[in-house]
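These notes open a run of structures that come right after.
What follows is chain A paired twice: with chain B in the first complex and chain C in the second.
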Partner chain A sequence: MTEYLIRRVLQSVLVIFLITVLTFLLIHAAPGGPTQVMLSPGLSPEIFKQQAKNLGLDQPIPVQYVRWIGDMVQGDLGYTFKNHLAVSGLLWPRIGNTFILMGAAWLVSLLIAIPWGIYNSTKVYGLSDQTASFISYLGFALPTFWFGILLQQWFSLKLNWFPLSDMYSRGHEGDIGDLFMHLVLPVTVLSLGFLASYMKYARASMLEVLDQDYIRTARAKGVKERKVVFHHALRNALIPIITILGLDLPILVAGAALTENVFNWPGMGRWFVEMASAREYSVLMAVTIVTAVMVVIGNLLADILYAVVDPRVKLGKQGGGTA
Partner chain B sequence: MIKKRNWWSVLLIVSLLGILFTGCSTNNTANNAPAESTAPTESAVPEATEAVADGPVDGGTLVMSTFSDVVNINPLLVNDTASGDIAQFVFASLFDLDREGNVTAQPWSLAAELPVISTDGLTYTVKLKETIKWSDGQPITADDVVYTVETAKNPETGSPLTSAFDKVKTVEKIDDRTVKFTMTQVYAPFLYALCQAIVPAHVLKDVKPTELQTNAFGTDPAKTVTSGPWKWTSWKQGDSHTLDADPNYWGEVKPHISQLVYKIYADQNTEVQALLKGDTDQTSAIPVTQVEAVKANDTISVIQKPGAQYEYVMFNFDSSNFKDDYGLFDGQKTRQAIAHALNRQGMVDNILKGVGALMNAPFLPDTWADPGDAAVNYDYNPETAKQLLADDGWVAGSDGILAKDGHRFSFELQYNAGNSRREQVAAVIQQNLKEVGIEVTPKAIDFAAWIDQNVTPGKFQALLLAWSLNNPDPDGESIFSSKYFPPAGQNSGWYKNEKLDQLWVDGYSTVDQAKRKEIYKEVGKEISTDLPYVFLYQYGQAIGTGPRVHWAEEDAPEPSLGYGQYFHAIKWWVTD
Partner chain C sequence: MSADKSQLHTSHATEPLGLSNTIPMPSLDPQTPITDSKRPPGPWQILWKKFSHNPYAMIGLVVLLFFVVVGLLAPFITKYDPAAIDLMFANLQPGAGGHLLGTDELGRDILSRLLFSTRISLLIGFSVALSSVAIGTVIGAVSGYFGGWADTISMRIVDVMNSVPTLFLNILVLAIFGSQIKYMILILALTSWMSIARLVRGTFLQLREMQYVEAARAIGVSSWGIIFRHLLRNASFPIIVNATLMVGGAILSESALSYLGLGIQAPATSWGLMLSNAQEFMLVDPKQALYPGLCILLVVLAVNFIGDGIRDALDPRQQATKSRRRLDQWRKNYSKSEN
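Then we have the complex of A and B:
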């Protein structure tokens, strides 16, 4: 197990390193640079050149990369070009903000989706199943920004039940109750989207397991239906769900740009889009790394969880089938 | 290397997934002329914001909104709207503009009186007030002015102000309160360059010019010594700025409002929602599509008046940009035909919802340099357009598209992606020109890429863009003269007209306004006949203000000035 973990971590470091090289090349290959966005195009090109020089942007790309990776391994994420602010000081608060929003939405949707999906797998095409299907379609089909604006119009501007946007009201920074009120609308929008897919996965995965021979055998033995579902079927049905959750883990830090926009949530998704159009290379690299690390962690966690729920899976052995 | 006389700046509104970023430039400069600046369109200052019977009260917080965060508020480096907004609250300028755009010494200006200009027009002597001081208590002196101008002129600084001061030969301290500028030549627009905020020499003099951009002055509130009525208390990146009235402010006129909050939203739609909800008190950029919705809310007053900016279609005269090196826009009659084919009034009515005024020359309507009827007006007339095209040798081909000498009249019209106004205008242009047999392919390009690959090097066929005139001086040499060809200059369309080249020089080489007016009239006539651009319209965005904010009528926002949405904010007050 330990040996397996070490091997996986080393592999991951290599993968992340390759990702940084590729990302660095790709974002620098995009035409235009920070100064083209910072400065008015009407200014003399001399000013663009001088500012690029003052910011170190005139160096060849490999030199810039080496400088960046050198700082990176020392834990320094670099500075924004446009105003020389430390990226780490900007990044961590935003990761925190996004984690609160996405984590809440994820939790809410899982708590509803998994039990409901399991229940529906036992009563296929019943009223509950039909309702769930309808909600899933709605969740897939509603554009998040439109749904968000709709909720704002009803529940904030008309009924005044919830705040319109932001994370806290002015003067209430850090107040948990205030944060909760601000979370309700965006979490509703986001969890509807998650709910739709997780419920479908849970239901489909259960149905597949319930159709298998050993379940039939269990039933034939006269095992109670309740025990069949929760004891025999559920554990196996969880495996594909864990895979999906593991793969989705990065969204907890990557955020959701559109929803964050509508609710003016100071999170990562919105920030990443802004920084991409501003060509803030160091920010883009930092976000890429954090996301890549989350992908790796998500996959690793999923693999470890397989072993927990499925005794057949042995990590680190040839033919374990999960590495 | 040629230095640019550039105090024009481009207002390019860019957006990606609805996130907007404005690149526009800084100096609040002014209109020298006593123009009877009547608002070209509706200007409503509803009762809600007129002086209330109670009169001004001190204290309270005003929450303003914006959709882009500050880059750097160091006045030497300010080059975007958000930074300019904050800078104008916290830094005092040598001179300020009055509502008509005249350069004046106001109670909040650093200068005590108007500059004394020598009779030969070559020296400007500026007298500072006795009482002025920095927020750290140090006096503001001639040394600060000399440092600011010399650093701005230094090419190593990379300051956007470089061109504003490039005609200054020397700037000398006569005594602590007096500064003398000596010019290399008579240069009338220089007066507006004096509406400039000053930076503290005692803080910055040991910083290398190349390191000013990475210095904390301008990006760290704690390290930014200021000189205005409010000081910069805090900056929560991507969220808000807080400005508090400076208890040590030197001015005789003190601000009524004790705290300003500059709140950053993801985009203009979110801003409008926040204004409607009452989370914010003012937004200066209501999208045209939402103006009616905001007006329907009777607690919010809306000011609609076009600003100091105009949109245009630029032709490219470098034939290497076209198939077979055949310049499609070489014929003057062809360009005139395009001007006749475009329904500009329709664009103003339908896309700008009336907040715009047609233009025929690069001078804002109703300013002193506006040539009026001297400029040729191209009414919307497809028949005239067809006739002019036929006169110029264009004949319809089998597919209905015009052709000449085997070259189809088909071109690409570029604009920046995400700007919904330009997207709509480009579609109208495509439709209008199709009616006269010209094929247009509108193409939206990511802003940074566009500027880098197309606009700066002058590689495009035609483009749709705007100029923001944050200086009301009419000089346009740096964008229309053949001295400024790309990639070193800003005449991106490679336009060359020897008569105009000379007229621009004549225009700034005299400080006699009556003479200048005649020269710009001649410019207006020539440029509207020859058409390097099709000038479309002056446009603006509506300012919405909530019920808590009050001002006397003479202190109302003035959209036609740069940063005019905060005109005389020092005299506003808020109530709860």
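Then we have the complex of A and C:
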């Protein structure tokens, strides 16, 4: 176990390192470099050079990289070009806002998807199963932002049930009830996407287990169907589902950029798009790397969790396949 | 009369023969003349037969063909320039002044904007799918066939690409290099080839120790010869399924990026861009948001149906599904009567 852990952790560190290199090189491949964006083009070349020197941009690329990564590790994510604000101070509240939105959507979709998927696995091709597969198709093909716009038109402009956008109404900051009303529409949009895939996973995973010999044995010796499904099958069917959830954890932070833009939610995705238009490179780098690190950690946790939950996983071997 | 008939025959026979060059058909020797009535169906014919019996897949095909034709013939269908601004005729209702779907807030004809957007979406969808197939195949083939360091490096690259948040990376690249179609196709392809690489690698790992590969190696076929002539064909059908589904994903990504203002830029037009306009003028004209979204939904659904149709047609178990259901039914009835 420890050997497996160490190797997985080292692997993750390598992946994170490669991601930082990739992001760093991308930013430095920008035509004209960062100074081009900061200063107005009419200024003399000397000023550009001076500015570049101030920022340490005259150093060779590897030196710049090491300096930047050193700051990163210490929690200094750099400063915005405009107003010179610390990125880390701006970043964490936005991550929190995104987390509220995505967490709610995740919870709602899980609470619907897993029981529904399990139910459908016991009644394959039934009406409920057909409905679910229709929803899945829709969830994979529907442009989320369009769905969001339609919901806005119907439920806030026409019916006036829910607020159009933002996180709180003006003057209601921190009010839970107000937050809830603002959450309904974006959570609906996000849940549809989650629902589509989780339902499929739950159903497929259950079907696979229900097909196995020990289930037949259980049925043959007269165990009640309810007990077969919930006691014998569900336990094993949940293992792959847990892995998928672990892999999806980082989506909680990264996955809402479109929905946030539609509903003007003050989260990380909307901020990223805003900052991309303003070419705030330090923000873009910081956000990309923070999310990537979370993805890697999520994958690592999923793997470890998988090994802990399923004793059949053979550790130490390539990837650890099930017996 | 007889001359006509023979011509008919030859023209009919050449087509399957031409196809048979691209796929392995062990039972057929291309040298021997084939009488098409006794000819056993090739894999493509079996595939098509199963595919054409799937109503969803066929509907998807018809819808996709409709959009392709409409996109190609766009300048002949509408007389309005999608970029022509005419403030005198802004916000016209559908049908008014010869504008079938009306005009937007700048007086641009909505129908012709929709038509020309079709071109962009399909162009991006198919180019992204093709380029990611190319990238994924080469990387997957190298890592699966050669193994060792090549494999380790390729799989780390796959890990890295899978860990970078795709949408953020797309936005980042478009923000840095500018929103041009070529960059969009490039970055969408660079962020979506991983599944194909994994698939090709898996197939190769499975097959590279097979005896026919060993035989090919023994008679001196080069590594690339084995990869492209002997191994890749075994992965071609799953690659096609994967690529088809990728078209839909690329169309969705394009519309999303354009909606965020980082994709297609104004005078050019795209469904995503139209939606971002429509949201701005939601109070004035709510109908505007309907058409472009519907187009995206239809095209992506069509492509996904086609992909699923191909996958089902390729699945040898698929034929058994119906009978298996019947078997279950029978089993249920049987066990009831036993009780």
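Rule of thumb we're sticking to: the second predicted complex is superposed on the first by the 258 of 323 C-alpha atoms of A that agree within 3 Å, B and C clash if a C-alpha of one lies under 4 Å from a C-alpha of the other, contacts with A are read in each partner's own complex, and residues count from 1 in each chain.
Everything that follows uses one rule, which is that contacts are C-beta pairs under 8 Å (C-beta built on N, C-alpha and C of every residue); 3 or more make two chains touch, one makes a residue touch a chain.
What you see is a predicted model; the values in this text were computed from it and never measured.
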{"item": "Which of chain B and chain C A:R226 touches, first, second, both or neither", "value": "neither"}
{"item": "Partner chain in contact with A:L284 - chain B first, chain C second, else both or neither", "value": "second"}
{"item": "Contacts of A:H84 with chain B and chain C, given as first, second, both or neither", "value": "first"}
{"item": "Partner chain in contact with A:A276 - chain B first, chain C second, else both or neither", "value": "both"}
{"item": "First (chain B), second (chain C), both or neither touched by A:A257", "value": "both"}
{"item": "Contacts of A:L18 with chain B and chain C, given as first, second, both or neither", "value": "second"}
{"item": "First (chain B), second (chain C), both or neither touched by A:Q152", "value": "both"}
{"item": "Set intersection of chain A contacts, chain C complex versus chain B complex", "value": "30-31, 145, 149, 152, 157, 257-258, 261-262, 273, 276-277, 279"}
{"item": "Touch list for chain A against partner chain B, complex", "value": "30-33, 36-48, 50-51, 53-55, 79, 82-85, 89-90, 94, 145, 149, 152, 156-157, 163-166, 170, 257-258, 260-262, 264, 266, 270-271, 273-274, 276-279"}
{"item": "Residues of chain C defined as touching chain A within the complex", "value": "156, 159-160, 162-165, 167-169, 171-177, 248, 252, 255-256, 259-262, 272, 275, 278-279, 282-283, 286, 289-290, 292-293, 296-297, 300-301, 304-305, 325"}
{"item": "Chain B to chain A touching residues, read off their complex", "value": "1, 3-4, 6, 8-12, 14, 16-19, 21, 23-25, 63, 70-72, 79-80, 155-160, 162-163, 210-215, 218-219, 237-239, 261, 265-267, 269-270, 273-274, 276-277, 279, 446-453, 455-456, 467, 479, 487-490"}
{"item": "Contact footprint of chain C on chain A as seen in their complex", "value": "11, 14-16, 18-19, 22-23, 26-27, 29-31, 125, 137, 140-147, 149-150, 152-153, 157, 250, 254-255, 257-258, 261-262, 269, 272-273, 276-277, 279, 284, 287-288, 291-292, 295-296, 299"}
